[in-house]
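Down below is the structure, laid out as structure tokens.
Labels run A, B, C and D following the written order; every chain starts at residue 1.
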Amino acid sequence: MINNKNIIKGHLSMKMIRAVEDEIAFRYYKDQLMRCPVHLSIGQEAAAVGVCENLKSSDYILSNHRCHAHYLAKGGDLNSMICEIHGKANGCVGGRGGSMHLQDDSVNFLGSFPIVGSAIPLAIGVAMNIKRLKKNSIVVSFLGDGAVEEGSFHESLNFASVFKLPILFVVENNYYSIQTHIKDRQVSDNFTRFSNSNLIPSTRCDGNNFIDTFTNAKKIIKEVRKSKPYLLQLDTYRFVEHCGPNSDDHLKYRDGKELNHWLKKCPVSHIERLMLKNNIINQEYLIKLNSQIQRKVISAFNLAIRSPLPKSRDASKYSYAK
Amino acid sequence: MQNKTTYSLSESLRVTLERLMKKDKRIILFGEGIDDNSAMFQTTKGLTKLFGKERVVEMPLSENCFTGAAIGSSILGDKVVVNLQRVEFSLLALEQIFNNAAKIYYGSNGQHMSRTVFRMVVGRGWGQGPVHAQSLESVFSSIPGLKVFMPVFPSEGCQLLAEAINDNNPVIFIEHRWCHYNLEKFNPWKINLSQKINAIKKLSNGKDLSIVSNGYHSSEIFTLLKIFKKFGISIDHLHLRKLNPLEIDAVYSSLKKTGRLLIVDSGQLKQGINSEILSRVFEKGLNLKLPPIRMGLPDHPVPSSRGFIKSVYPNYLSIAENIFKLLNIKKDKSLKIFNQIDSIIKRTSVDVPINDFKGPF
Amino acid sequence: MINNKNIIKGHLSMKMIRAVEDEIAFRYYKDQLMRCPVHLSIGQEAAAVGVCENLKSSDYILSNHRCHAHYLAKGGDLNSMICEIHGKANGCVGGRGGSMHLQDDSVNFLGSFPIVGSAIPLAIGVAMNIKRLKKNSIVVSFLGDGAVEEGSFHESLNFASVFKLPILFVVENNYYSIQTHIKDRQVSDNFTRFSNSNLIPSTRCDGNNFIDTFTNAKKIIKEVRKSKPYLLQLDTYRFVEHCGPNSDDHLKYRDGKELNHWLKKCPVSHIERLMLKNNIINQEYLIKLNSQIQRKVISAFNLAIRSPLPKSRDASKYSYAK
Amino acid sequence: MQNKTTYSLSESLRVTLERLMKKDKRIILFGEGIDDNSAMFQTTKGLTKLFGKERVVEMPLSENCFTGAAIGSSILGDKVVVNLQRVEFSLLALEQIFNNAAKIYYGSNGQHMSRTVFRMVVGRGWGQGPVHAQSLESVFSSIPGLKVFMPVFPSEGCQLLAEAINDNNPVIFIEHRWCHYNLEKFNPWKINLSQKINAIKKLSNGKDLSIVSNGYHSSEIFTLLKIFKKFGISIDHLHLRKLNPLEIDAVYSSLKKTGRLLIVDSGQLKQGINSEILSRVFEKGLNLKLPPIRMGLPDHPVPSSRGFIKSVYPNYLSIAENIFKLLNIKKDKSLKIFNQIDSIIKRTSVDVPINDFKGPF
């Protein structure tokens, strides 16, 4: 189900995402140039990459506030994203949206929508269009464990099932909505119970394990291409605060043991250790890779910093479509 | 069918949907009960047979989801008409409409469009009550990114619906239930559907007073002014059928002529379209001979019982009274006019648009 | 679980409801005095009565557009209801609401709310109040199979479960939302799948069988009093059109066989036959009962007809609470 | 803690919640994250410890359900404060707010009340973008049955919050995020919480011009007018803190004195509170020396990048320009005033309320 090429590609994508977000975190308060809320996916990279590596460029994805990993994993342009986060005119939405509002037609990234649950019905509509016009695509709707509590999720499951839509719901379960643990919000952390009740098949797996995620996603997406909806729950964990660049472990809303458990399960190190152990890559490769990545990342930030802000007189542009 | 000479607004809308859907496969319909016997007040009757269940899509009872789905599907190029039998059902979907439909073009820097039309019916009469007779047109027209059209007469209904469907922006298309019964002699199969129409249509030409109205009141005033004309009272009647974008140059030029203004708004009086019109006139510094008068819905919900209704909607009498006031018409003349109005009023009950209307909705 | 007294009382209540609604149907277009939309429960009486006969007057119920049976079964005043439907000032909400908006504090009928799904979250709040203040009550939320498709239902199930609320969800499944069959809207007509996924216990039973409904409700309500949420699905059928007084069988959206199956299962005749067979009542009792009921019904209509409409100058009363 | 002498609006709101909840057990709080470290921008900090999880109820992510639950619970006598970190989250719950909260008193013929307060924060700055910075105050204040309060200064925040909680109607309580940082010397532990306050507070007294403002603009104008005063320009500044019911007698009497009107509205320009105020002034036939000017949000969403922001919000410069226009102030004098304004502007960046604001929200 997974070959070395897949692993190498997935690893690269995850490394890149991690490096980008580490850099955002590092510069966020130092530079004060990314003046918008940022929700980092550090710790959750395997979910985005494990799914998106199985997608074709003709497939669509929709995402939420925590969207950087999804965007990059789908092939989104690093420069466009970093410029957008810097509020620059050459950002992927021209500075109109910032970190939470990425949209990029060129890679069928139909957008991140920061109101929790808001993107799910949009994804349903995309799937309906695909199905009616017999397009050769599927749509993936990424959502968090919090979004599971919104009515829109449940309405959407019913739609997917009734209309037999080519949609994959990926629930990234990081156990928290901001600082509130799932046990204070729901009676179970197993969301397959909701796909079950809609007769939608589902799989739950370790979202920090790239290989598991990739192989499950691969199998599942084959089904979705036959216009069968599916739900994939990926258990994972974010390493920094809900919104912003820092750790917030001192707040103690997350149990120390839980935290350590997950830190040990870092998806990037995990796959890297495995690749080294199996001689898929060696240290030399990693060193070269790291510096290549670092160069790209730095160059994106440099571009963003020297790019112009949008003109205030353009604020009213795109108010209405012609 | 095509040999009829007179069409109601609801018939006209149906014909228009059929004509447009025949020409453009991207047009699809979403809604609850659009494929059943009631067929969205007959406006979607038979369309499933013509275009199939994939284009006339009967929806589960999930307004939020299917509104979002309409937007999502339109991002990929569809033109989706969402059919809601009541404005109120949209309240479950305003997050989608305000945040996604209204903002996707702006927020995507022009990459994506929401080519959606949200048909919503404003209920009235037959005891509809608090949550089946709300007027939310002013709420929608205050949201940047939405357009708001409101047809009253059959032929303009065809044109507005075509314009809405072909618009690249989300359009809130508000139909006053009673307007569905309005009749016009014309052929909806022949009417030009590719020509854009003005926001305001002048329904009568006069020099003493400018009346701006929208929704069902436009047809009431149309009737009313026939009586006033007989008494030599000459009124400029401007019927506003596009609420957003609000283009009211015609109001300014009318006021320059008449110097007197009455606005009869189908929506809430407070912070309504009427307030915006008055504000613009005021800002422009146009000099009026008398302070303007505006009418609209009062600051409470619409009650069910017909006993209450007289104090809820602007009606023939209250509109006439304000015309008298603005034109300073003497008691004896106004009494004569009142008498003629009375004969219209007596024709139908207060809670139905036409005599054989029997509800339920 | 059920004794003869229960049966006699339940039968009486069902007979009364049936007689009232038959009278509404009979007069609706003839008199043209009930000038508001009416959603009749003819055929569904056992559901309302089977549940409400197990409630105390301190218990609360909330209902939807199809509310006459719920109102009367909870002990609501017949005269107040008929006057309200006639739009009269002495209706239970003074003519402000009409048939779909009954509210009556005196019997803890907290109201019928005609926007589908709208009453369910209200019922959750009522349950939260009951629980926090340790009141000796429960709340019943009546809803239809259509409401199951609204997000508010699913959000509410989660709340009931997380907060362990004393709430009973009664889903009256009449298989249709207006003229659309459940199979065109959902993938199953078994709604216990949704309570299951929220770890809420549930029972599905024949809602046209008063004895089944009553005994199940009795057992369940005992549990709900211990602050455990529960879902009861009652399968039933409406005999007339969705809204209005007439049969709409000529429209053929309901299969003739299906219709006949249910007409044979009329909840009122069913219990009546059983009572006669078991000598709980005799024909004489029935004759007397019918005429008593008829007298009450006619007197309510007479009252309504001669009662005054509200004054138009009172339209603005109760705009804001002092 | 109680020895402080200066309080911010957010601190003041917290103190008020604590004081009221101590006295009245029926007051409960609903919300997401009200019990976490962010604690609704610190306004609910520590309240769980004091009042327990049954009265400070952390909610699942289900705005529609908990809004309805708040209304349901209030029908049985609770006074429920619903806390939403952003106005936009309420869009998922408008069916409950418009249909149930706003109409239950009317619709039940006075039997039931919705004693609910919906706190909603309007975001601004630090790149909030299209769906975290909307101003929907004019939408809410157009709905019959809702009251709308909007605190700007700390002490009035205490009073308005107390009044809202004790009101027998649903109150939409809108807090502009930047107002949370406003400071005032007073003691929120001592301030009288049972006295109702006027809809309008006069912040400065003058004779040349009437300025009506609300939201964050009221504090901006408060600062701005100190400069104007130095130049001998005397302005009546009316700060509107209750948007519905809209009581504006103070505006009329101010206008009789000044004859000139500028409205600076925190909400949408179109069909805003500003439009309603202008309309009422116009209807009343008050004679102004010059046409009024109004300012508010433009007809597009709020973009994220600080590059755009100058053309989005009314600001010191654009407000000053309109004052110059209305007072016909000569170039040389206006330049001097501009220079002084520049020194305020330079103090903070365009996208933060205070220098050490670092978002994220």
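Here are some notes:
Criterion: a contact is a pair of C-beta atoms (placed from the backbone, for glycine too) under 8 Å apart; a residue touches a chain by one contact, two chains touch by 3 or more.
Everything numeric in this text was worked out from a predicted model, so none of it was measured.
With centres defined by CA atoms alone, the chain at the far end from chain A is C.
The geometric centre of chain B is 36 Å away from that of chain C, both derived from CA atoms. The distance from the centre of chain A to the centre of chain B, with each centre set as the mean of the Cα atoms, comes to 43 Å. One finds 46 Å separating the Cα centroids of chain A and chain C.
Residue positions of chain B with contacts to 2 or more other chains are 60, 62, 64-65, 88, 91-92, 95, 99, 106-107, 129-131, 144-145, 298-301, 303.
Annotation for chain C: residues 96-97, 101, 113, 115, 149-152, 155, 158, 162, 184-186, 318-319 touch two or more other chains.
Shown here, the protein chains touch in all possible pairs. Of all the residues in chain A, the ones that touch chain D in their complex are 29, 32, 35-38, 87-89, 91, 95-101, 113-117, 146-147, 149-151, 177-180, 184-186, 243-244, 248, 251, 253, 308-316, 318-319. Taken in their complex, chain B has these residues touching chain D: 64, 88, 91-92, 94-95, 98-99, 102-103, 106-107, 129-131, 134, 138-139, 141-145, 244, 246, 268, 270-276, 278-279, 281-285, 290-294, 298-301, 303.
Residue ranges on chain B touching chain C, taken from their complex, read 32-33, 35-38, 58, 60-65, 88-89, 91-92, 126-132, 298-301, 303-312, 351, 358-361. Within the complex formed with chain A, the residues of chain B that make contact are 28, 54-55, 57, 60, 62, 64-78, 80, 95-96, 99-100, 104-113, 144-145, 147, 167-169, 245. Of all residues in chain C, only 62, 92-94, 96-97, 101, 103-105, 110-111, 113, 115, 118, 120-130, 132, 151-152, 155-156, 158-159, 162, 317-322 touch chain D in the complex they form.
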